[in-house]
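The following blocks contain the structures, represented as structure tokens.
Paired with chain B in one complex and with chain C in the other, chain A is shared by the two complexes that follow.
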Partner chain A sequence: MASDASPAGLVTNGSASGGGTPSGTGSWHAGVLARLREFGPAIGLILVLLVFTAIAGQKMWSTQTMSAISTVASTVAIVAVGVTLLMICGEFDLSVGQNFAFTPIVWTTLFVTNGMNEWLALAIALGCAAFVGVVNGWVTTHFRIPSFITTLGMFFVLQGLNNLLISGRQLIAFEEYPSLDLLGAKLPGTPFYLPLIWMFLIATIAWFVLTRTRIGNWTYATGGKVGPAKAMGVPTDRVKRINFIACSFLAGLAGCMQFAYVRGITQGQGDKYELFAITAAVIGGTSLFGGVGTIWGSIIGAFLLATIQIGLVLSGAPGSFYVTFIGLMLVIVVIANVRLARSGGRQA
Partner chain B sequence: MTQPTMQTPALGGLPTVSVAGHARSVDRSAEPVFELRKVCHSYGPNRVIFDVDLAVWPGEVVALVGDNGAGKSTLLKIFAGYQPPTSGTLRFGGQDVRFRSPADARALGIEAVYQDLAIIDQLSLWRNFFLGKEQMRSLGPLRVLDKGHMRRECEAALAELGLTRIRSADAPAWALSGGERQSIAITRAMHFGARLLLLDEPTAALSVRETRNVLTSIARARDQGLGALYIDHNMSHVLPVADRIVLLELGRVVRVIDRGEVSVEELQELVARRAQPSIT
Partner chain C sequence: MITSRSSRRMAVGVAAAVLALTSVGGAAVLAQDAKPNIVVVVPALDNPFWQVQKNGADQAGTDFGANVQVQGPPSDTGDANMIPFVQAAIAAQPDGIALDYTSKTMEAAVVAALDAGIPVVLYNNDRFEGDNAPDDPRIAGLAFSGQDEQISGEILGNSWAAALKDSACPVLIVNPYPSAFVLTLRADGMKRALAARGNPVIDLEVNPDPVQAEGSISAKLQESPDICGIVGLGNPGANPAAKYVSENNLGIPIATFDVGAEAAKWIKDGVITMAINQQPFLQSYFAVANLVNQVKYNLSPVNVNTGTSLVTKDNIASVQACIDAGRC
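Moving on, here comes the complex of A and B:
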């Protein structure tokens, strides 16, 4: 079975070269590992569902639980889609959590507090979200500094702006607005809300772009190794800037959906979302070093996080235990990934 | 024709090479494929290339030799559009050109193989092969990657080079040996290079058989009228394929040697001796 890929007699040409892989079974391993990147998290999700079903019983499958898990998961997942795109091209965005609050705060301040046309206000707010990405991308690529620093700076800048705009108050939409319905209404006859549909739509588009288009190919190449990508004519800086913008835009859009669903916002919205999004991506198989990752892996990762959050509540565990659990799982998953990768003869 | 023929390794383990004849001549009355005029280059305050004039004609292999740090790779990267020179002119087919990125150079049919910038580990072979030159097809109003076509073309090109171990163009590149990576980078350059090939130590990680394949490929490309700029530390590889040998020292062209003027030993001596004063 294992000899499928390498008839021993043909393995001659690498012999004089020094480095490289010792055997010809690399491609066989590669196929299995490539699939594990997505199936691993899926199996994890099923296991977690089974464990919580055993603990919490039928409550785990009630309509309220389904509703809670899917609404928590869908906005985190949309943020994670953007973060995944960016991580695949080799960069981070720590400002998505603050952007997740900043964009709906701008939107709400304009149309609820100041009576602007709701659609115009939404367009302006999403424009602000994208502009955050423009700045992140430009500063990172122009000054050649780590995006970790750029976006950490942006995190604080946006946090300050959010404080300024909302100053401890809570913004609530009491009236009905079509834009709120479009982004966050309940789907009639189901326990689900519209953000779930938007999430699937956005994930499908992102998956298509990433796997079927030139910019997607260039995103993987840029994150894989920037030198060879540039040498082959890939405009690596532009690829990064585009992904920074996509990431910020999606974070802002998801924040608006959260507001549309909750109909209210405090400055606590999006707290730690940058870390949850990275966690979802990493659990879903996205590499911290770029060049590797899938959209659906991150979607599964986001559902895994949401299932654990709701499942722990149902099991009667203290609410704060959630982050402890997530932290442990993150480290275990990364250790598993590194070990798997090493057994396949490459870096994680 | 005048293909170089090679014998199996002699005592030292290095392949000895004998050339069948010297009948071939390069027509240098025509426009060169590519020409550098008074090119200088600096990395920050460090000037590494000084007033270099260098031209490659169609059907000519120019070898760049010199010690490490002589500026060979820097010159090659200027040719490839990877970095613009600090000053000086680039001329392609008799016209001044400015490359903003390697994509501009590739659009003109210039392909490079670098020592350190060849292959991306995480990408599959066909994605590496077609990176920056992706084949697209229509899907309704959209332009999408033509994966099937790229897979087949990549597999055919690799089979032609004799990479029998590679069964699928979907295999990721990290599973390859150093020699296989290099071979793929060279195959890619041959595949897309229509006018000029730039090769930075293409045989550095290769076995004897692979080296022979590469040298034969270079000779074949030259016979088809392509120009080639070729960097190699192994003078016994340089001599049989090079029409002219350009000796670089500390960023300057110090000597241009025509085909047949020197032996391997003399050339080795020349490079080594030239490098000597910089040490003392």
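Moving on, here comes the complex of A and C:
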């Protein structure tokens, strides 16, 4: 789908293709600030890598570290891509962490416990993941309630369902399964695993749709200013519902990839992933208020989180210190983005 | 003279009396047939250890003829989160309550149950030592079925540590649920056993998500390359360690508590070198049995040492059937 020329001023800034100057201001200053916002996460990642290399030395670049960081980052990143799409159009999904467990639980219940064909079971499970998004989207747009609430409710619904389905047990599948190899096998001769490749593929597709297609344009418009968007004929409700489905689908797919890598699934999988995914998106430059964000920014955000998590342990910090660090960083990043936005004359 | 009205009244009176007597008698018969209602409060519902406890309680309900309700928070977030469930249980006035007495935090709720006239037994933990000493004299006398988590930790430590290459190298202890008090108790026992040998200990808290846990463990093993043993305080701490150690051929012995499906596989492969099975099925099973016998026959509950079973590559085959049935 070719991108139509967007009405001037309708699409707010933040799309990765051109980046950034708000139409109408045209100042060099605003342009620099926009670039800073776009490249901020990348600069942050490089800085963090340098700092940890200084502290932990060569270990920061060992194959085990590369493997750990890329594995931790890839599944969070795929969830973050979905969350980013949704946040750009102005909505949240707090149920992604539970969906991350729910989808592979459905999959394994079907093909491990009940002997269904693994591919059919996967299709059904991914269908369930998408259906969660259908429900989230429909309830939010039809009843006009905050998505924060809809998806918080869905979080608890899925948590209960997960308990019903698996009841504290663990389902495992260590035998040969082509579907598991496709989703989670190691790339021979490298310390990397297939979820990393999937992450790049998914991110590329999402970036293309967001920046080069009409639906992508509409996504930014819906999150920017809903009123003018609607007035220009953007079907905002439909855009939101599509993004809800994309978000839930990606969360479920990422969960299945994680299961394919670990070969075991419990209710604990995806614990706090909704927080990690939203944090990755925000650190990557996505605005909490909609209309602003990039796919690659969120990918970098996910790698930043993983690097900090692994780097802190490598440096001898207590394992739990990581979440404290992330919390501080999140607040600092949002403060910085708000400041940048205010001086650039647009929303944060 | 008996008029027709008074005879009608008398007939009604007699009928009413008969009805009342039969209903009382019937109620008495029903009461004898009515099953005791037992509530078992657990710290969590989302992991195999507590699910097996639930299975034990349910089986005891079937075997001993009781209605058993297992209640608890969805995930283990500390012993204080069991208190609301105990209070709800007290309000329901069951015939007995079984509790996991993890610390003095539980005391007030136990006292409330006893004051309400509800029999209480303890299972899995009865921590009365040191600061946990209960003020109410009734509590120390409550019957207990189980194997104290600290003792289990020590038993596992003593048996497993023989596999460590020497007594100077550090052992990594992985905690996937820092807020779960029972894991801290397991760690305490394990650390006592290791301290007796002289092995220093390194603590690592991880997220129960398997990929994040594996990443943290891999980083820790790089940061302290002299780690010669890994203890997972629960399977979510041990399984990621086993995956990493196995894939990188590190040959580091691993110990864990409880045997879930994936842990069983690692034990078969010899990657997890020893696991301790506290027989959680029996802990709640005998807790329910105690209460039913007290309600039905006025027998005082008894202490039951459910023992422990150490699982290694050599006996995992025989334990597997027990795991599959949800009794181990």
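What we mean here is this: the second predicted complex is superposed on the first by the 320 of 348 C-alpha atoms of A that agree within 3 Å, B and C clash if a C-alpha of one lies under 4 Å from a C-alpha of the other, contacts with A are read in each partner's own complex, and residues count from 1 in each chain.
Methods note: contacts are C-beta pairs under 8 Å (C-beta built on N, C-alpha and C of every residue); 3 or more make two chains touch, one makes a residue touch a chain.
If you're wondering where the values come from, they're calculated on a predicted model, not measured in any experiment.
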{"item": "Chain B versus chain C as contact partner of A:R169, first or second or both or neither", "value": "second"}
{"item": "Which superposed partner A:G233 touches (first chain B, second chain C, both, neither)", "value": "first"}
{"item": "First (chain B), second (chain C), both or neither touched by A:P146", "value": "neither"}
{"item": "First (chain B), second (chain C), both or neither touched by A:K272", "value": "second"}
{"item": "Which of chain B and chain C A:G327 touches, first, second, both or neither", "value": "neither"}
{"item": "Touching partner for A:G57 - first (chain B), second (chain C), both, neither", "value": "neither"}
{"item": "Chain C to chain A touching residues, read off their complex", "value": "44-48, 50-51, 74-75, 176, 178, 203-212, 214-216, 218-223, 235-236, 239-240, 243, 248, 260-262, 265, 326"}
{"item": "Residue ranges of chain A in contact with chain C within the complex", "value": "56, 59, 62, 64-65, 67-69, 71-72, 75, 159-160, 163, 167-172, 174, 258, 261-264, 266-273, 306, 309-311, 313-316, 318-320"}
{"item": "Sites on chain B touched by chain A in the complex", "value": "80, 82, 101-106, 112, 114, 116-123, 127, 131-134, 136, 139, 142-145, 162-168, 170-172, 174-180, 205-210"}
{"item": "Residues on chain A engaged by chain B in the complex (per definition of touch)", "value": "5-6, 10-21, 24, 26-27, 29-31, 34, 212-214, 217-218, 220-221, 223-225, 227-235, 287, 291-292, 345-347"}
